[in-house]
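The following pair of complexes shares a single chain, chain A, combined with chain B in the former and chain C in the latter.
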Partner chain A sequence: MEKRVNITIDGVHIRAPEHTSVLDTAIEFGICIPHLCHYPGVPDIGACRLCIVENVVRGKPRVTTSCTLKVREGMEIHTNTDRIQQLRKNVAEMLVAEAPNSKAVQDVAVRCGVTDVPYKFHNEECVLCGRCVRVCNDVWQAKALGFVGRGRDRHVAFPFEKKPDFCKHCESCVDLCPMNRTPCPGPMKKGEEFVCGQCESQLSMAEDVDDSCVWCRLGDGFGCTRKVQAQ
Partner chain B sequence: MKRINTVEELESRRDTLLQEQDSDTLTVTLCGGTGCRASGADPVMDALQQQLKEKGLQDRVSVQVTGCHGFCEQGPIMVIDPENTLYCQVTENDVPEIVEKTIENGEKVDRLLYRDPVSDEMIEKEADIPFYKAQDRVLLGDNRRLTPGNIDDYIANGGYAALGQVLNRMTPEEVIGEIKNADLRGRGGGGFPAARKWETCRDTPSAHKYVICNADEGDPGAYMDRSILEGNPHAVIEGMIIGAYAVGAQYGYIYVRKEYPLAVSHTEQAVKQAREAGVLGENILGSGFSFDVEIARGAGAFVCGESTALMASVEGKVGEPRPKDVHTVEAGLWNCPTTLNNVETWVNVPHIMNKGANWFASKGNESSKGTKIFALTGQVKNTGLVEVDMGTSLNDIIYKIGGGPHNGARIKAVQTGGPSGGCLPENKFDLPVDFDALTEAGSMVGSGGMVVLDENTCMVDVAKYFLNFLQEESCGKCVPCRVGIGRMLEILTDITEGNGKPEDLDVLEQLAWTISETSLCALGKTAPNPVVSTLMYFREEYEKHIRDHQCSAGVCRNLVEYRIDPDRCTGCGACLKACPHGAVEGEKKQVHTIKQDLCEKCGICKNVCKFDAISVQ
Partner chain C sequence: MCPESVEQVLTRYNDSRRCLVEVLQDIQDREGYLPEEAIRRVAERLDVPLIEVYRVANFYKSFTLRPRGKHVLTVCKGTACHVRGADRLLDELRGQLQIESGETTEDGQFTVEAVNCVGACALGPVVVVDGEYHGHMTPHKLRGLVASLQES
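Moving on to the complex of A and B:
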């Protein structure tokens, strides 16, 4: 039988399957933690930092991303403290200001309470979540896409900037991309961006977990689909 | 080289080497560190060898080329013993005179002696130079004595004695106990207790374990690790072997950036000699303990100095950090327990084993023990590598060793800790330089960068400079670091260009908090430091930029005006001719003026004016 460990998330006792991440466990048990770069079945890298939680280590709550955090016996996790809510909102603000034309990003930002951003919009075409790179490299082992450059220059590219012969044409990269998964029908022009968030959730959330949803308190800080629908 | 098979053989080898040395011979020591080589040490060396040969003095005079002495600013440095005469800025043309006067006749060449910029006195002996006198050169002192990479030289100076003692008489637990009693804290930035790392690594069961020496040293302006590895690679290797014995590692890596060719070649030579001598490799000194090291060359990214990125890089993967919820001492290189320490941390280990934990702990203060090397730069008279006891005050470093302000301008701050360190104002200069005091004050010891800033420095501009570096060096993986630093930089740029808004400071503070709390690795977590510390101590400078559109230091080009003082202008026309933008007008012998709409604020006019008539406002 699968081995399980005891953890608590927001005070709820959970017997989590060993070797799973805190994020997967939380979603599995109906506790919705916002996330963007995570995609089920694809290895996590902790890029977007939306899935941050507090992990209490020796009495001290440490902020860390739940997608890269593996469950351990006795772990105590808080997903929705004031500090986490504020930090998550700030990160979402940075993200939506980078890529206002992603429905997924707009959606998550508005749910994290973002109403406006304190900086100029950038209107990028990629948020560097790395879903495409990871599905290509880690899931299909095709290695046809990768990150190039560091810092400001980091971008997704084919090797030598040309689609290689060994691309399997699976189109997974396109399917998983939060920029064009259900493209926005009215993309914002440069200079006219705003926080919109009118679209429905693009993210895998409690919709998949009807039976297990515990109507977690997270819904208060983060407008989960079910809570919003219920209101 | 003959293999040394036991500790006893090592000791008799040392005795033989010491007997061969003759302390009465004249020794000429030439610093061969990267700094002195860049300022021309190689031709001096060639000229010296040639002169000595021509005069038939080769046998009477021994010539030694060593690693960096730390006084790079005055290089090439030459010291002649036993008189301890120090000559600075020596060129090949000086060599005949040095040989004739000093070596043959024991006279000094006055113009090559060091002139103390503070007292303006000529100083004959190396030991009397204030820059050295106020230091405690435990580690750099070895650099000054040794021919880099030469194992006989190292052994004659007491090298590998610590290893012998450890293998002969100590259990791994006792070694860790000694390091714990010495309270050795990591020199690579964090100040983490070395013994705690070693202990966890030892206690984590695994068939394979590794030790790594971090010589990535990506901070701009830092070169302490480079100097040690260039000047004394055997000590680093000895420290690593002792560490490997303590944690139970069989293999190690020295991760050096490939921009350090001299460090790489000296280390390669040292590794080769150590293997041949039997102090490295199979069955070290006949003890049954085996350990070997390999040199891994880093591609030179700053972020590759971060522990997980470094390990990814050694594994041949892209050098990007990964989350550290599981520490590298438990699962590091190839998922095996790995002890990573900085060059300076490793090099302290043989000293502690030789002289004891109490000796080490007697240096420094309650919080931090031993000595620390700093790269002192900026607006002070003496710059270079300085080694002081931990807990020495900033004042002592800046004024006693650094000699105070460089050109009469008031010193207003010191930036410590490298790019993600912080700036401390003058009224904090009595702080002891230790890991905790500096962190508490909003800066850090970091790897040991120390830049002295005077009143002609704009603190907003300083913060912008470091943030710019960090943005370029961020791996770009995670949002707060990549996007957040970029946003902070945008705001700082606005402020320095006169487009700052009052609410900007709040946004900066929110960003700083978010970046430090949510970034994946320590690069991001510490990146806001330059902004946070300058906001803490120099907030009024930010406000002045925003509110009054003024940069008091006269650095931010958009906020300053060049003006000609009509009382001083003689109408010589030098500025008119020099201005590349045609912004100066005026008739010959009449007062000149600057047309502000054409002025590009390059400052060329100010530099050419002989009458000091042009000022920045």
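Moving on to the complex of A and C:
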């Protein structure tokens, strides 16, 4: 039988399988931690910072990404403290500012309580979540894609910026890209970006009804088991 | 591009993937830049994914993937040089050569680069011309220096 460890997430005692991440465990036990760069079966790198949680170490809560945090015996995790909510909202605001035209980004931002974005919109076509890079390199071992450049110039690219002949044409990079989710209906032209009304109405539902998950459509592209349960 | 030199460099490092940066440095020293063919060959012989080699070559400022000019002018933009007017030196070069930093003039004579620190802060502002350090640089001195290079 596989070994399990005892951990506490938001006061709930959980016997989690060893070697899994806190995020995977939480999702499996129906505790919803917003996430963007995580995809089931693809190694995690903690790129989007949305899945941050507080890990209490010797009485001190430390903020860390739950997708890269492995479960350990006696761990105490808080996923929804005021501090986490504030930080997560801020991360989500920056993501929306970076890519306001992405439905996936908007959905997840709304779940984090974002209604208004104080930052300048950048209209980037990539939030550097690295899903495509990881699925290409780690899952399919094609190694056709990677992060190139550093700092502001960091971007996803093929070697020499052209598709190499060893690309397996599996299109996984396209399938997993959160930017490829259909944009929200409504005026999303450049310069008129805002969190759309549809997403906002979902948010109000989540506030009124206890324990209801915002139907963020993450289930479609993000493997959010919560949505499957809701159905 | 002479393929033997790439093979020589690789053989010298015993095709060890740990020496990737050293290999690229040696190729850059010999060729003046990192040609695409060389990078492909390095990836092949060191058994490192091509994208990894490409990433390393892109990551470090000292590597360049495009041929550089005959003379390379490196302007230091470190803190000490910056406060002593490194930006004015870049402006001077921009005006004189009509290129931005990182670019090469059309005749292939000059490449202008801006780097974060060359480690000669006491001499600032510093311009390194073909590996030779010129300290306490002024736009006027720089103009003379470029003119003398153009004549030679």
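Following the convention adopted for this analysis, the second predicted complex is superposed on the first by the 190 of 231 C-alpha atoms of A that agree within 3 Å, B and C clash if a C-alpha of one lies under 4 Å from a C-alpha of the other, contacts with A are read in each partner's own complex, and residues count from 1 in each chain.
FYI, a residue touches a chain if its C-beta (ideal position, glycine included) is under 8 Å from a C-beta of that chain, and two chains touch if they have at least 3 such contacts.
Please read these numbers as outputs of a predicted model, since none were measured by experiment.
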| item | value |
| --- | --- |
| When chain B and chain C are modelled together on chain A, clash or fit | fit |
| Chain B versus chain C as contact partner of A:C170, first or second or both or neither | neither |
| Chain B versus chain C as contact partner of A:V139, first or second or both or neither | neither |
| First (chain B), second (chain C), both or neither touched by A:G151 | first |
| First, second, both or neither for A:V12, with chain B first and chain C second | neither |
| Which superposed partner A:N90 touches (first chain B, second chain C, both, neither) | first |
| First, second, both or neither for A:L69, with chain B first and chain C second | first |
| Contacts of A:R49 with chain B and chain C, given as first, second, both or neither | first |
| Least Cα gap, in Å, left between chain B and chain C after the two complexes are fitted on chain A | 5 |
| Intersection of the chain A residues that touch chain B with those that touch chain C | 147, 149-150 |
| Contact set on chain A toward chain C in their complex | 137, 143-150, 157-160, 164, 166 |
| Chain A - residues contacting chain B, complex | 45-49, 52, 55, 63-65, 68-70, 83, 87, 90-91, 94-95, 97-98, 118-120, 127-128, 130, 147, 149-154 |
| Residues of chain C defined as touching chain A within the complex | 36, 39, 49-55, 58-59 |
| In the complex with chain A, residue positions of chain B that touch it | 301, 303, 318, 322-323, 325-326, 471-480, 482-484, 486-487, 490-491, 503, 507, 510-511, 513-514, 517-520 |
